[in-house]
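Below are two complexes that have chain A in common, paired first with chain B and then with chain C.
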Partner chain A sequence: MGRYAIRRILQMIPVFFGTTFLIYALMFALPGDPVRNLTIGKQTNPVYLEYIREQFNLNQPFIIQYLDYLKGILTLDFGKTFNGTPVLEIFQQRWPVSVTLALTAFGLEVLFGIGFGIWAALRKGKVFDHLSLTGTLIVVAVPVFVLGYVAQWVFGVKLGWVAPAGIQDGWPKSYIVPAAVLASLSLAYALRLTRQSLLEAFNSDYVRTAKAKGLPPGTVLRKYSLRNSLIPVVTFLGADLATLMGGAVITEGIFNIPGIGQQLYQSIRLHESVVVVGIVTVLVIIYLFANLIVDLLYGVLDPRIRYE
Partner chain B sequence: MTPPLLRVDDLHVQFSTRDGIVRAVNGMTFDLNEGETIAILGESGSGKSVTAQAIMGILDPEVASIPSGSITFRGEELVGLPERKHRKLRGTDIAMIFQDALSALNPVICVGDQVAEMFRVHAGASRKSAKQQAIEVMGHVGIPAAAQRYGDYPHQFSGGMRQRIMIAMMIALKPAVLIADEPTTALDVTVQAQIMELLKELQRETGTGLILITHDLGVVASVAERIVVMYSGRVMEQGDVDAMYARPANPYTIGLLDSIPRLDARIGRLPAIPGLPPNLLNTPSGCPFHVRCTRAEDTCRVDPVPPLVEVGPAHKSACWFAEEVYAHGK
Partner chain C sequence: MKKSRLGAAAVSVTALALILTACGGSSGGSSAGGASAAGSSAPAATGGTFSVASEEPQNLIPSNCYDLYCANVLNMMFTGLFRFETQADGTVVPVATEMVDSITTADGGTTWSIKIKDGWTFTNGEKITAQTFADTWNFAAYGDNGQQLGFVFGSSQLNVVGYDDVAANKAKTMSGLTVAGPLELQMKLVSPLGEGIFYNFLAGPQIFPMPSVAFTDVEAFNKNPIGNGQYMMNTPWVPNQKIVIDKNPNYLGTAGNADSIEFRVYNDTTAEWADLQANNVDVVPQIPQAALSTAASVLGDRYVNTPGALSFSYSFFPLQSSTFAKKEVRQAIAKAINMDQINEKLLFNTQTKATAFAPSTIPGGGTDACGDSCVYDPAAAKALLDSVGGIPGNKVQIAALQGSPNTVAKAECDQIQTNLGVNCTLKLFPDFGALLDAYGKITAADAGFIGGLGWGADNPTLQNMIAPLFGTDSPSNYIGYSNPTFDALISEGNAAADSATQIAKWQEAQKVFYDDFAAYATSWRNTTYGYSTNVSNVIVNPQGFINLDQIQVTKQG
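Let's look at the complex of A and B:
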């Protein structure tokens, strides 16, 4: 398993170069002049524009710009934004916010997705089961931004339980509603997956054996039904954690949370290649590691999986 | 007179499904004594496994119900017994071996722990002593190097070895009644013989009453003392193996026996009973077998269902012509 993990980590190196190259190329290919964008509607000295282009290497051909950027990264210099802020500093401000949001969302997803999923399976065909199925269907069907604005209006404006936007109240007060919105879709999937796979386990031969062994119902549920049915759920959740980290652009926008998603959106608009590439690369790495952890976890949960 | 170890008396089991009520078992009756082996014989869907699950008390209460009949274990009524009490009997006094050990064993728990669980849950053994005892039982059922294989998982075993694990688990606490639901169906012929031999041996040691559910008539002849032939949830015939094989008293049993290939006769194409067992949602009136029976007459096609009548010592048959079929010999 150790060798497997090392090989997987080594495989990440080409992926790292591939993504940085691809994203850089895409940013380069965006129409419009980033420097001119900065100064729209203002009288600016062309010499100053030229100076900025010079400073940010924008006059160089693409491949030189890219290699220059790579050289910077290897010395842990992620570059600067057009207004002079080091990208590393942006990371230090923004990542903790997004990670907090994502982890809160993930916690809700695990707790309620699995918890309600189990409950629904145990009460199959009863009121709670039907409620959960209808509820999740609505969540899946309604776009996140609709859900987000509704939640903001209900909890932030009408009820006034939390501030409608911003993170000035800290964790958990400022994070709980956006996290719930962010988690909602995955939570719905996790709930349905848990329920479905648990119901399958209930009808399995090994659960019948467990009953024939005279084991108490709690043991049958924990060691037989759940232990087997949670394998696909854990796989789903693991992969989803990475998605939550990067998928918060809309949620962070609605609730005005200064996280990485919002930064990404702004930087794409400003053509700040260095910021975009940095963020996307980190997201890719997070995604790769999350997948690796899921794969390793899979082997721990299911002894039938062997690593070659 | 002491009651038999296990008595099933006029047991009815039904399932409510979307399409209606399925009457899976209709008046199952038999006694099992200590150290005895009885075989329940029948085609798929004849109610064999449902009877076994009713005895175990593991029918799904959501859909299955027992409208009438009784199951008594050492005189204690099991039908309607509270689940808590019934559970205490399972695995300790009454145990059951299932057909396909690959799907019947938990794939994510090592086999040793699955055996040891019996000692931990029912006998309150410590982790260490349960492990010790589990290794002992595993060795006893013929798992080579049991101690080394304790931590292996079901998928790492061959079919025969998996079935041995299953047996080890179920005989761990020396149950008084052991139900084996087609224990060898999923196995190679050579392994089948080994597993049956093992079951017989264990039975001799502990005096367990064995209920063997099968459709393999060869297995029945070699291990069982008595046979109950089921069809469409009813008992068609029951009696001692030798008596029944020599002189069956029911056209259905004759049909089953005729369909066994024999070493001592060249008969060309093997005779089979034509048709299929009836749909349990909509059973025919009268004798359930009349549709396929060569002997059937008008009386067979209308209710009531023929009752079980005694044709010989401890030999009963449910057929209007039982005496005649019996007298006719085979």
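Let's look at the complex of A and C:
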């Protein structure tokens, strides 16, 4: 298993260079002059624009710009924004916020997605099962920004339980509503997935055998049905953790959470290539690691799975 | 929603102060009503803390601050030579600050002597002298320092002798800037400037003095700026979250009202709006488009919508394209669009139809310079268009941005279609840079498109509303307009000693421009903002600067 993990990690190196190259090329291909955009609607200072072009190598052809960026990375210099803030500093400010939000959302997703999923499966056809079906259908059908604005208005403006925006109140008060909104869609999927695969397991031969042997229902659920039915759920959740971190652009926008999603949106608008490349590359790496962890978890859940 | 325990303590202090005033004073007038005078000496009016919604400032370096968000912070932290004040007639003019001793010219506006008062210091104790100003301005002008506002000393504004060499990194100091005494600075200009415009040029953040520590490590200074103003920064700037400034106890001029001001960083005006409704932020200097329809009913008197912000939207035509080559075509399009209706129905009267480039808050502005071309008259527009044989191909395009609602551009297109019978479609661009790139490439053979942009003035002069946009070879002249008569009138106006002549010259230039009709201002923006129930006397001036020092905290939120 150790060798397998190391091999997977080594595979990430070409992926890293591939991502940086692709994203850098895509940013370069965006139409419009980024420097010109900086001064639209106010008096243009040619001296300043020349300074920015010089600073950010914008007068150079693509390949030189990219190689220069790579050279910077090797010396741990990830570049800076047009305002002069180093990308590393932005990472230090923004990643903790996004990670907190994503982990809170992930916690809610695991807790309620799996919890309610088990409950719904155990009471198949009863009131809770129907309620959860309706609830998840609504959540899946309603776009996340609608959900976000409604939650903000109800809990922030009308009821006044939490501040409508910002993170001044810290964790958990400032994070709980945005995290719930962020988690809602995946939570609904996790719930349905857990319920479905658990019901399949209930009908399988080994569960029937276990029941026939007279094992207590709790043991059957934990050791036989749940453990086997969790594999698709874990796959889904693992991939979702990375999505939660990168996909929070809308939620972070609505609730004014200074996370990485907000920065990504801003930097794409401003054509700040180095910031976008940095953020996306980190997201890709998180995604790869999440996938690796999921693959390794399979072995824990199902000992028949072997790594070579 | 409630803030920290510190906030609660402040509540009790304010409450105590209220009780004390109620006992002592007979009138005990409350300071409600936004228009109350700033100088009122009610004890309850000072002290307290309030929060202001802001975007993340680009930086907090005066000579590099070219957005409203850093300007609002720096205006409180620094005192320069002039600041903008709104006069009784509603116009905004530069007024000398308490630090200025005298500013005089002996030769009709070419050489200026600037004297400052003794005793002013930065909050780190450093004395402010004429040398401080010279160092700051040389720093701002030096090309490799990359300061956005350095251009103010160049040919488009002050035009100090020796600027070009400093901007090109050939010299460290502008030769036109000499220290004549500890508190006296001499400034020699390439061409004379009238008093009115000279004072305006001396009012931006680039004029604020910066301490010597700023020049040795500007990065560190940016994080922890040290000024000479009413407020100072005691706690570091928390990037993307907040900036807190506290009263400067040693300030020599008139102190601000509140004890401290918190600038809260938002990325989205909708979030600001939600926080304002919950009384969670006190001053919101812009209301999101989506909330405009309900803002007045939600906030009542606390929603302010005053005409006359120093910015306008303008439409421009590629004259080289055969579609727009005829002036009548351009005028017909302008006449066919009912801006009043668009402003009322789509923008909830937060913009006002423009009849000139400068609104009435600018001396010499608010006139009807556009004349008949800006009068909505669909029948006359159609007749005018028909008189020149219509538009080639009978279709036009209006530039718009991808991903934005483009409600105004769509409405304009609909009206052109309905009133002129010309097919109108939107031409989408990813951003303004791409729009202007495409605009610059239009040739006679191309159909081209009608462009639309906004402009915000740096200072309240008619000159700043038109010269940067339409002067020959001006870097912000995106539309490529060039007319020697226009340029000459602008320069004559700049040099005119008395302001009446100056304004008349600029108005004449404006008239010349409208006669060519290469572009026209469609709407003046309003100053639109809201505030919470915790504060009063909130005024945002036409430039978008908030009178933060005069805001009174009536209730600690």
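Rule of thumb we're sticking to: the second predicted complex is superposed on the first by the 308 of 308 C-alpha atoms of A that agree within 3 Å, B and C clash if a C-alpha of one lies under 4 Å from a C-alpha of the other, contacts with A are read in each partner's own complex, and residues count from 1 in each chain.
Just so we're on the same page, contacts are C-beta pairs under 8 Å (C-beta built on N, C-alpha and C of every residue); 3 or more make two chains touch, one makes a residue touch a chain.
The model shown is predicted, which means the values in this text are computed figures rather than measured ones.
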Putting chain B and chain C onto chain A via the overlay, clash or fit?
-> fit
Figure out whether A:N228 sits in contact with chain B (first) or chain C (second), or with both, or with neither.
-> first
On chain A, which partner touches more residues: chain B or chain C?
-> C
With the two complexes superposed on chain A, say which partner A:G166 touches: chain B (first), chain C (second), both, or neither.
-> second
Put simply, what angle do chain B and chain C open at chain A, by C-alpha centres, to the nearest 10°?
-> 160
Tell me which partner A:G214 touches in the superposition: chain B (first), chain C (second), both or neither.
-> first
Look at A:K71 in the shared chain and tell me whether it touches chain B only, chain C only, both, or neither; answer first, second, both or neither.
-> neither
Name the contact category of A:L301: first (chain B only), second (chain C only), both, or neither.
-> first
Please indicate which partner A:S204 is in contact with in the superposed arrangement: first for chain B, second for chain C, both, or neither.
-> first
When the two complexes are placed on top of each other via chain A, what is the minimal CA separation of chain B and chain C in Å?
-> 49
After superposition on chain A, the chain A residues reached by both chain B and chain C are none
Parts of chain C lying in touch with chain A, wherever the complex brings them together | 1, 3, 58-59, 66, 143-144, 146-151, 154, 156, 167, 219, 222, 239-242, 264-268, 270-272, 274-275, 277-278, 280, 429-437, 453-456, 458, 468, 475-476
Can you name the residues of chain A that touch chain B in the complex?
-> 204-206, 208-216, 219, 223-224, 227-228, 231, 301-304
Would you mind writing out the residues of chain A in touch with chain C in their complex?
-> 30-34, 36-37, 39-52, 55, 83-85, 89, 93-94, 149, 152-153, 156-157, 160-168, 253-256, 258, 262, 265-266, 269
Contacting residues of chain B [partner chain A, same complex] = 56, 58, 87-92, 95-96, 98, 100, 103-110, 117-118, 121-122, 153, 155, 166, 169-170
